Amino acid sequence: GPEERAFQERIDAEIKIEAKNWMPDSYRKTLIRQISQHAHSEIVGMLPEGNWVTRAPTLKRKLQLMAKIQDEAGHGLYLYSAMETLGADRDEEIDKLHTGRAKYSSIFNYPTLNWADMGAVGWLVDGAAIVNQVPLQRTSYGPYARAMIRVCKEESFHQRQGYEILLHMMRHGTEAQQEMVQDAINRLWWPALMMFGPSDEHSPNSAQSMAWKIKRHTNDELRQRFIDQTIPQLEVLGCTVPDPDLKWNEETGHYDFGEIQWDEFNRVIQGHGPCNTERLNARRNAHENGAWVRAAAVAHAEKKQKAVA
Amino acid sequence: GPEERAFQERIDAEIKIEAKNWMPDSYRKTLIRQISQHAHSEIVGMLPEGNWVTRAPTLKRKLQLMAKIQDEAGHGLYLYSAMETLGADRDEEIDKLHTGRAKYSSIFNYPTLNWADMGAVGWLVDGAAIVNQVPLQRTSYGPYARAMIRVCKEESFHQRQGYEILLHMMRHGTEAQQEMVQDAINRLWWPALMMFGPSDEHSPNSAQSMAWKIKRHTNDELRQRFIDQTIPQLEVLGCTVPDPDLKWNEETGHYDFGEIQWDEFNRVIQGHGPCNTERLNARRNAHENGAWVRAAAVAHAEKKQKAVA
Amino acid sequence: MQKYDDLTEFVLRMGDSALIQAQRLCEWTGKAPALEEELALMNVGLDLVGQARNWLDYAAELIGDGTDADALAYRRDERNYRNVLMVEQPNGDFAVTMLKQFLYDVWQFHMLSKLRESKDDRVAAIATKSLKEVTYHLRRSSDWIKRLGDGTEESHQRMVKAIDDVWRFTYDFLQLTEQENALIDSQVIGDVRDVAAQWQTKVNAVFVASTLTVPKPAEPFYLNSREGVHSECLGALLAEMQYLQRAHPNASW
Amino acid sequence: MQKYDDLTEFVLRMGDSALIQAQRLCEWTGKAPALEEELALMNVGLDLVGQARNWLDYAAELIGDGTDADALAYRRDERNYRNVLMVEQPNGDFAVTMLKQFLYDVWQFHMLSKLRESKDDRVAAIATKSLKEVTYHLRRSSDWIKRLGDGTEESHQRMVKAIDDVWRFTYDFLQLTEQENALIDSQVIGDVRDVAAQWQTKVNAVFVASTLTVPKPAEPFYLNSREGVHSECLGALLAEMQYLQRAHPNASW
């Protein structure tokens, strides 16, 4: 129809779609799914950090980690707001998370097993997130694009902080601390690469998302970009990644790397990762235990309104 | 009446009263109160130890503390059994504990604040308990006297173990450990003296209990005995007690000591000690959280019985 | 137990209280009743760790034996901690958590207000900076007391139970020691003698607005935060908080 | 991560499992549903710390660098612990606790039965001594599974939920490593290859008698206790358990 044509023309002309504009139903649904997954990831992502925030080793590191967790709660809030401009309901989408009908980033189903994980999560996980998200600052839906600008800025800060945690441990740490860093990288490297999603030939929705300019690069392109920018940083750390096939390819100007264990990826995505149960239980418990608090807030607001009326 | 006369003659002749024998109602009530308080004290006494059993510093110390806690549960069981021979109901008496109508030893309302407390509790608290209880091995009510024989034997063991914990820390410990020992003694000394109850002039029930040979010594006699036997051990430790008035009296052949803060004692007894709330909440929570377990055990036993019938 | 001079002890009290309150807030990560609260609890905690660091930096300078804020935070045992008893209490449900926060915020607010007038420049500066943050903390926690106290029947009952659970620890907010009075007399610290009354007035006002009954004033008994005689729960809190520094005594993080 | 020779690794696995299971039981002090259980839980825990000490004494001798059982228990971090994943899981309610105990007891029972036939005298001796205790543990925990599974509707539901919560960690009981197979082949340890099947048979039998459904066998995935890749909860457990040794590194207790 003419609406659909006008919509696509607007996109092709790089003019943002706003909440009030007409949009195809499937565009709306795709965005709601993507933005809510992103918001859920921010919220679930607080849990592995919550495992260490009570044990942060210095006041400075504690402050940094608390600030990061606070930012993630903030990201969750902007993203749910962006999602709500599309007519979605936050409670409904959160209910999908709690009942296993909505996804979140697979990486947060891995455990954080030593303090260096707090550095490695910042460096690798936020790093991978940024590579994914930088193009989203130009995504076609205006409220999402604007939320991403703010999110990316804060995540770049987290990434540098994470890297600095690791660098400090490698340069000024004891042998035990250096081992922690290498151990964290060993455990998080492949899961970080999986964050970009299936390889292009197994990513059927990508073409439509590209046409709508929701996505602007394929999963494999982004993964390669992440690897290319991360390996030099790895070398500065003096660490390695657990991939014997990783090497610089003069011809392509990129790093070659080994095969990702897609079995593991699929298993985690399907709910059978090492911490899926713990993460979802934690979220569900928080929600259930908070029900009386939310009810009280509503009841009090109503009383106040009545008193004014 | 003749029954009452026969009862008192039996007591005067040092023949034990047994469950099947006639006894005055007030003798029965006095015993139920005393034995149940004693049983409650064993159970509540596990709580301050539970605060440290997860943090015991070596496997040996962990084993000792676990064994002690196990023994205390066992003492609770014999004592409730002895009490039940008097026609009392365990659940009813425990309910009195949970609703604040029954007492337990005031000492367990003090917090355990460092590892040396586990030694000092064994040495001083079990030590005071033994001084109280040794004469109870000859108390007039048979089941109680026999329970006390077993209890006293195990408590002597705990006392020696407690003392050995402190002696090891004083002789082989760091300065920080030695400070812990003195700190524990400073905090527990006066509460241990209070365990013997009010001084004789304020202990109105004692005379009748003495006549019935439930008690065989006054509170003040037992307190003096405890001090006299403990101070030489204190000197071996190389520690002090927080009592400037404590000194050997050549004339009496006993230690003189300062005035006990009876205000503090009364306050603790009345439920306002430093940990009364925590102790009772812990017991109540255990009981409430265990209700479904006990119900299941009963239901299962009934099913099995039906299957047999 | 280590005892320092009067000013150091006082500075440790302010710093330790902020740190332990923040540590309890950290325990809420991922458990808050709404995402907005997740953010707000962490935000308040962040302010408090910042305040704690400022106080402990100063305490370390006063002690002057080469110690630093991290050593004070991570290597003192419970007998050497000086925090008010309220902040170490377990979080319980959201009612207990907000009540503890509120009772502490009222104290902080009035203490810091007066401490701005300290002759000791550092105390005055830390108080001035902290007060801005605490003004917001107090507004927020007061609002929650009202929402929960005058919300639903359930929330009201939970507040009543929360008050019953923690009120006995409030005597810390009402008492000054001889040493603290000496600091006031010499004007090293501002005149915080009125804080007890101000604390009572504010708590009263918020409780009344929240349909909650104010218990009679708690009386000091046995537990003594200034002498490091804490509740048993502080030991477990420190075991967790200090683990890495204890396990790796010579590490730099 | 520290790796030792195959026998040492195996001995650590047995010892660490007993120790961590016992530590979780210690957490029950004063919280059990009845006084009889207070006694029984502590009694089982006591046996297990005793077993842990025997295994860790032997591991220390095998390592032979002057370490001892206490150093192994109190100064290794979570990446060096070798316990099966089941025992580190949080206690949850009494259903979860008894289920974890039962699943572990079945494994212990069959492992120790076979380990008595080890050519290594120490392994055989520790197994023989431990088996007597574990026979009682297993009888007791089996009885509780039946009582709770076939008790009330509530207890049944709690057991169903407990199985749902922890079943995924049972793969530890079904797998042997190459290194363990090598120990069996050389008869250093008894032939524990049948333990997986025995474990399944016994668990099946007790579940059926308890009106509980047996889930399909858990599959190994990612968490790997032999490589020290544990659940997040182990870190917090060790922070508490090891605190005093960590805080006072040169102390003798």
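Order of writing sets the labels: A, B, C and D. Residues in every chain begin at 1.
The rule is simple: a residue touches a chain if its C-beta (ideal position, glycine included) is under 8 Å from a C-beta of that chain, and two chains touch if they have at least 3 such contacts.
In this text the structure is predicted, and so the values were computed from the model without any measurement.
Common neighbours of subunit B and subunit C, by the contact definition above: D. Note on chain placement: the centre of subunit A and the centre of subunit B lie 58 Å apart, centres being C-alpha means. If each chain is reduced to the centroid of its CA atoms, subunit C and subunit D end up 41 Å from each other.
Annotation: 36 Å between the Cα-based centres of subunit A and subunit D. The multi-chain contact residues of subunit D, meaning those touching 2 or more other chains, are 77, 239-240, 243. For subunit A, the set of residues touching two or more other chains reads 55. The touch graph of these protein chains has some other shape, matching none of line, ring, star or complete. Pairwise chain contacts present here: A-C, A-D, B-C, B-D, C-D [touch as defined].
Put simply, subunit A touches subunit C in their complex at residues 43, 46-47, 49-50, 53-63, 66-67, 69-70, 73-74, 76-77, 80, 115, 165, 168-169, 172-174, 176-177, 282-283, 285-286, 289-297, 299-301, 303.
The touching residues of subunit D, counted against subunit A in their complex, run 1, 77-79, 165, 168, 221-223, 229-232, 235, 239.
For subunit D in complex with subunit C, the touching residues are 77, 236, 239-240, 242-243, 246-247, 249.
Within the complex formed with subunit C, the subunit B residues making contact are 48, 51, 55, 110-114, 179, 183, 187, 264, 267, 272-275, 277-278. Within the complex formed with subunit A, the residues of subunit C that make contact are 22-23, 26-27, 29-39, 42-43, 45-46, 49-50, 52-53, 56, 69-70, 73-74, 93-94, 146-148, 150-152, 154-155, 158, 240-241, 243-245, 248, 250-253.
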